[in-house]
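Note that the chains are named A, B, C and D in the order they appear, and that numbering of residues resets to 1 at the start of each chain.
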Amino acid sequence: MIITLKKNADEKQLDILLAWLNGFGVTLETETHGDRLVIAVLGDVSRVDEELLSDMEIVESVTRVSEKYKLTNRKLHAEDTIVDVGGRKFGGKNYAFIAGPCSVESEKQIIEIAKAVKSAGAAALRGGAFKPRTSPYDFQGLKSEGVKLLKKAKAETGLPIVTEITSVKSVDDFEGVDLIQIGARNMQNFELLKEVGKLGAPVLLKRGLVNTVDELLLSAEYIMSEGNKNVILCERGIRTFETLTRNTLDLGVILLLKERTHLPVIVDPSHASGLRRLVEPLSLAAAAVGADGVMIEVHNDPVHALCDGAQSVVPEEFKRIVEKTEAVLAACGDKRIEK
Amino acid sequence: MIITLKKNADEKQLDILLAWLNGFGVTLETETHGDRLVIAVLGDVSRVDEELLSDMEIVESVTRVSEKYKLTNRKLHAEDTIVDVGGRKFGGKNYAFIAGPCSVESEKQIIEIAKAVKSAGAAALRGGAFKPRTSPYDFQGLKSEGVKLLKKAKAETGLPIVTEITSVKSVDDFEGVDLIQIGARNMQNFELLKEVGKLGAPVLLKRGLVNTVDELLLSAEYIMSEGNKNVILCERGIRTFETLTRNTLDLGVILLLKERTHLPVIVDPSHASGLRRLVEPLSLAAAAVGADGVMIEVHNDPVHALCDGAQSVVPEEFKRIVEKTEAVLAACGDKRIEK
Amino acid sequence: MIITLKKNADEKQLDILLAWLNGFGVTLETETHGDRLVIAVLGDVSRVDEELLSDMEIVESVTRVSEKYKLTNRKLHAEDTIVDVGGRKFGGKNYAFIAGPCSVESEKQIIEIAKAVKSAGAAALRGGAFKPRTSPYDFQGLKSEGVKLLKKAKAETGLPIVTEITSVKSVDDFEGVDLIQIGARNMQNFELLKEVGKLGAPVLLKRGLVNTVDELLLSAEYIMSEGNKNVILCERGIRTFETLTRNTLDLGVILLLKERTHLPVIVDPSHASGLRRLVEPLSLAAAAVGADGVMIEVHNDPVHALCDGAQSVVPEEFKRIVEKTEAVLAACGDKRIEK
Amino acid sequence: MIITLKKNADEKQLDILLAWLNGFGVTLETETHGDRLVIAVLGDVSRVDEELLSDMEIVESVTRVSEKYKLTNRKLHAEDTIVDVGGRKFGGKNYAFIAGPCSVESEKQIIEIAKAVKSAGAAALRGGAFKPRTSPYDFQGLKSEGVKLLKKAKAETGLPIVTEITSVKSVDDFEGVDLIQIGARNMQNFELLKEVGKLGAPVLLKRGLVNTVDELLLSAEYIMSEGNKNVILCERGIRTFETLTRNTLDLGVILLLKERTHLPVIVDPSHASGLRRLVEPLSLAAAAVGADGVMIEVHNDPVHALCDGAQSVVPEEFKRIVEKTEAVLAACGDKRIEK
């Protein structure tokens, strides 16, 4: 860390600053550049508050020598990371579909959908078991029972499975899950991030409704700094003043994310829009804009078929989306669908 | 207008309400439905404040018989409107590119770019003459001189021209402009909307940075209610908490806009992102999501070529965008590029 | 739950709906009103998805008989809840100050500040021990050691203590804490909410940066539905496009919150603004607008005194804020400061 | 303007840059500092695009010698500007109330309200004559007739009058208006800003729903750079994701605005909240936070009295607000109400 002081910095203030820095057990080297003093802070500076430093009256600027992002940073890892999810590749030249129901409801349901989405071209099966719900009175999912049903569907079809974790307490239930999802509401649940960072399974990290790209990358950094290098990022819409769609899908950041990080970046058009008829156009846009895949809600039951405005598509629509996406990918670049 | 009162509405309050309504010169017919009174308000109800009515203690609900949107409404005009811009078609099965520099700078500049974008596949030439700038000290454009240079470029190349109007006072300068643009900052400059509504030329109405789809349609309604039926809408990004891109391009509303209105809807990826390298991916996404075209900033000068982060692309990039768009359109549906 | 169907609802769709509802083990009573069918759903309807129902083609409307908010709802609990925090009263006619440093750093520091804020009029001492930080490389707090130091400060001064919990795993460390804080980032960490709901200590629940008032109340409902009735809400700024202040303090919702719920509502001007010189005016505004107290960052060390833009005030400033607040409260209503 | 180039800047790129700069008719002085070239650009640099320059590959930084804000800037004008509005003082130690109906409806109405608000302590009478409405089918105000009625109310009561202008075409109608309002939707209607800048009357400039403090100051700069130094700024709420209140009143920026500019800053709690019962608490908060006054909607008619949720208060409520504000001002500082 390099601290440049202002010209003619007050001596007394300088003494306080140096005493404070010494308190962290770091080594200080001061040097004069022209009429300014520059302090190099060596050693473990993780406890030194950069923001506080920057605000001090005598401080001109503070520079961390090391990048704020380390493990996620493309500057330090130029080539695309390819994450292996139960044998399917995410990232690089691969374009992957994750598909499945909002919630796992029954063995019959999840196996039927698994078969349908597999034959249509999905690389993995999603399904909610532990459901984070805004109200405590809403259905919270089948929980560990739901995870078991997903595993049955995997045994039946061979499709890797993806499901969301909501608490550090349920880690054991996720043994055997191929891709563990951190939902938008938990993107800054740092304790949960650290915990999944200790697991072996790849992690799907969704962007929070109000979180910047920088914050998303720092949350990925939490996971990676615990040793888990297999992280996939997911843009799923941000909260804005426009309420016509449930959230505003932010496709403009996909390329910027991919410039900053080597990790795969996918898009969730179902949750972003909350509307079934927007899933196809937004899926195609995600492919056109350079994402590494999409996660789509697919249902197969007649009840949902009664719904005009639900956010899930039926298997036939999903199949059509995969086919059109193939053509869009061919039009835009050299990615191919990983099935 | 139908006003349904609450059960057992206070008589004195009812008298006040009826006297107030009578003051507008409308005809009132009251009828009892079960234990509620219903008032039908006939005649010119344009001055009756619906919001005020809805808030009254004795009022259960207020229903306008006529739709809030009339002329823009697809319910009342099912087929796509095709706007003719100097011989090029916008809307329906047509996909159109508007391209050109941020500002008109010189005859040489605008004619060179006009030739380049025409040969690459543009349907119209854009160029700023009257520039709305956040600071009074910034360059405000060549004004009427800039419009004249655009007309020269049109004479030279045959390309229809598009440029922005910023004041009711400069209407005369826009004689001969094929598509008059209302910028995002003026989307709710209602006096300007009415004025361009009286002109014969088609109007390109950009969505304001903070405006909802409803407000955009009502602004189009201002133009159309003055007699001008040729309006093209343009999504150009909204202001959100994310500052990585200049604005957040809201591609999720394109389909919803097209469901609500029969007017053509195009996208401006240059202003939305503010970054040259995002123009291609966002243009392809706009085609994938079902827009009717895009408006792209194209420059041809070496100064801009020195810029890393400018928002304009060079003619060769524009050409590649047109070619890739052609393939994306073929992958997604049955639109064709109008050149 | 009451489901009203549309006129002439399709019989086949009705059969599917009834079969689906029966699957939840509820009792159904159907009745005809005019030309519509109405279905009363009795029993445990918590698993029935209201949104899904509302979207069905044959459904006109869905009404939950019970309120969405139960335990937090002022309609069902008219009088103000007064939360006892280690002997100090929050809510009702009481106005309370929580004050203390951002982070607990040492025994000397926390005891000195505790004494200073107590003598100035604070009702409780705050201090961060477990710190949720955006980056894994930033200082994460003294953790359980920090909580112990807070308890020492309490033993020394008698001030109740307030500190933030970040994980269900550290519940044991919070034994003896008088008011357990759930930070903004964890407002929708539902597993954590449930866990603190099982504890005896009162909970301070901060509004998330992007969360609506409705979502805040539902998160409080999570805590209360586990048996803990002592919840204090805290507005601390929302994320908007304006970046001049760190967040935008939303004082307009204070009164609306207090209309909806009987729980005390306080304001955090330090985190909302991120600027020391805004703490006083926003604190006074909070008192003027009808809040039940404020939480203010106070530091006493010379390093922070070097900072121009830090968000903490020094003890003398805190003392002046308490004094001015007393006068503002007298001017606006009948609240008195709880010391 | 000072342009610092990067180390070892490419010579060819430098030539292009210099040629481009010369094209503006400015004088260039280049100098070498260490291993960098620094270019001083002298003369009229208003047409030189700073953003474009900053983006160039060879450019390290661009500094304008002059401040971006000139006439609005407190750095160049330390003391508070006091704006005289028909004999009442706005700014400095004065706190002023502007009050009156949303729309001018009749002579009787406006004179009655004028008398009521004057006796309660208002410094000026507001009333909408030209109404900017989102829909073309909504009541657009009495227009010039409305302004005439305001003048009658002024003749009757001596209260200065405030009303909104919406078009450069209606400037003549505003002869005799004491304070001309630019509404939020027109904050960046730069042609209108320039036009009112040429008039003699003071201008009340409202912040746009989505505009930053910087943009507000630059819009004030437009007015002042035309010669009109009498500008009052008004915070009236910004558009955010929270829809419980119509807009989110941003009280945190009041102090920051007053640090940046010497102009008076008032607050509009009526439009910000859209709810009558929030007008009092938000008015008191505005006084507590350091504003120079408030603008409040006041009505006197029985129809509005039927409304539960309207945004206007009745004269008695307004009187109580003035009285409580007096006490809040005494508690917080040394401002006094200007009547």
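We take it that contacts are C-beta pairs under 8 Å (C-beta built on N, C-alpha and C of every residue); 3 or more make two chains touch, one makes a residue touch a chain.
Note that the structure is a prediction, hence the values are computed from the model and not measured.
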item: Contact-richer chain pair (by C-beta pairs counted) among B-C and B-D; value: B-D
item: Candidate from C-D, A-D or B-C with the same interface as A-B, over half of contact pairs in common; value: C-D
item: Whole-Å gap separating chain C and chain D, where each centre is the average of the chain's CA atoms; value: 34
item: Centre-of-Cα separation between chain C and chain B, whole angstrom; value: 41
item: For chain B paired with chain D, centre-to-centre distance based on mean C-alpha positions, whole Å; value: 27
item: Residues of chain A engaged with two or more neighbouring chains; value: 210, 239-241, 243
item: Sites on chain C touched by chain A in the complex; value: 13, 16-17, 20, 46-49, 52, 55-58, 68, 70, 132-139, 166-169, 185-186, 188-192, 194, 208-210, 215, 218, 221-222, 225, 239, 302-310
item: Interface residues, chain C side, partner chain D - complex; value: 210, 212-214, 237-238, 240-245, 248-256, 272-273, 275, 277-278, 281-282, 284-290, 324, 327-328, 330-332
item: Interface residues, chain B side, partner chain C - complex; value: 239-241, 243
